[in-house]
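A, B, C and D label the chains in the order they appear, each numbered from 1.
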Amino acid sequence: MIRVIVTEGAFDLGAEAARLEDGPETGAVVTFTGRVRDVADGLAQMVIEHYPGMTERALTQIAEQAATRWPLSGVTIIHRYGALVPGDRIMMVATASRHREAAFQAAEFLMDYLKSRAPFWKKEITATGADWVVARAEDDAARDRWSKPDAAQ
Amino acid sequence: MIRVIVTEGAFDLGAEAARLEDGPETGAVVTFTGRVRDVADGLAQMVIEHYPGMTERALTQIAEQAATRWPLSGVTIIHRYGALVPGDRIMMVATASRHREAAFQAAEFLMDYLKSRAPFWKKEITATGADWVVARAEDDAARDRWSKPDAAQ
Amino acid sequence: MKSFQVLYFAWLRERIGLGRETVETDATTIADLVAELRRREARYDLAFSDMASVRAALDQDLVDDLNTPLGDAREVAFFPPMTGG
Amino acid sequence: MKSFQVLYFAWLRERIGLGRETVETDATTIADLVAELRRREARYDLAFSDMASVRAALDQDLVDDLNTPLGDAREVAFFPPMTGG
């Protein structure tokens, strides 16, 4: 039910969604895909570093938390590492449920947790240099909304 | 930027998402897919009736509203009609944006509006008879949350 | 007298027994048109007996209120609450 | 003295100049270990100069507080706030 993949290679969004839809009880599937955007001064590469071992462990824990919190029939998280170029897909999450609200909320939850709890670091390489991407305070705030007393269930 | 398709045929989720991702500015793509679930006493068919002309018009209006409300680089709505069987995909929406929050919220908005404002009616055919699906009050409530003063933007 | 294309969908179509007809009427609002149709025949009266479950569109735009004037519309549609998605 | 595998990622790895080393220490908390590393050499001192930008994991579990005891952990990792997704 939980599928976590950490890979240098590309992935097939359509095949992943179809895999998650399988079974008579799944009514709703939500997917999120993140891609490398170009930056103002021209992005040559985005290099993604990760912490082998901890990455798989953290992503699995985040998926398990979502599956505990919402009635899901499936959760998929795929995240790439290594050297990517603008337009490449970086990662995807997908959630399957009988109910659309659960599928949407669980997918947003996965993204918010993944952004600040999964050990990935992005470096942008342009013609003028290389810079580590700085974490956004909004990403911590987005994650913290799920632990408020009135957090959506 | 807006793509609305009303069809008897199947659609290709992966191809639709890839189409929406095109262009250097798209960072995030969210998709929702709805499928025919089986029901307790065995669903033979789900037959979907629609109002040709008004359907395309209503879906286009809903997509335009989403594009006004959030910074989207693309919106796709595909909805099937005719006779479907359990496991068939019924419909999909997809949204593309620089920002994941906008893509998620716009996709949820599309679903909430589509459920109660797009002229489709589902009929379930089982071994024991045929029944029109009854609209859920929750679907109206889900739609109305977008017109509250504190609605997410 | 004005002439309208009147369309019925889902169980309204099934109860009335047709999907589309031309109606000549002096009715000025959607609600007046419904009242006139109900007086015609029992199948119309039955189809429109629970107006809380009936929605309408004028020229393919959903109306929020059945007291909406027919105005210059050419097409009036009646149907149950929608169940797409 | 206990022995730990110490890992560094992203700009911490670049500033320190290595990704992994074995450290023998009497430090009892993560913060103690950081203090000891900073005393070693300027490159460690620089890498750990802004602790608000440093996160740590013990045996591949993120810790919320750098005063967490090292306990029986074998692997300690230091890295900047994460930027996946």
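Everything that follows uses one rule, which is that a residue touches a chain if its C-beta (ideal position, glycine included) is under 8 Å from a C-beta of that chain, and two chains touch if they have at least 3 such contacts.
The shown structure was predicted, so the numbers you read here are calculated from the model rather than taken from an experiment.
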item: Required minimum of steps from subunit B to subunit D, each step between chains that touch; value: 2
item: Centroid-based (C-alpha) most distant chain relative to subunit A; value: C
item: Rounded Å distance between subunit A and subunit D, as computed from the means of their C-alpha atoms; value: 26
item: Rounded Å distance, subunit C centre to subunit D centre (Cα mean); value: 72
item: Of all residues in subunit B, the ones touching two or more other chains; value: 34, 100, 111
item: For subunit D, residues contacting two or more additional chains; value: 85
item: Chains that touch, pairwise; value: A-B, A-D, B-C
item: Subunit C residues touching subunit B - in the complex, by the definition given at the top; value: 7, 9-11, 13, 57, 60-62, 77, 79-85
item: Subunit C-touching residues of subunit B, taken from the complex the two chains share; value: 34, 48-51, 53-54, 57-58, 79, 90-91, 111, 114-123, 132-135, 139
item: Residue ranges of subunit B in contact with subunit A within the complex; value: 12-15, 17-18, 21, 24-35, 37-38, 86-87, 89, 98, 100-101, 103-104, 107-108, 111, 142
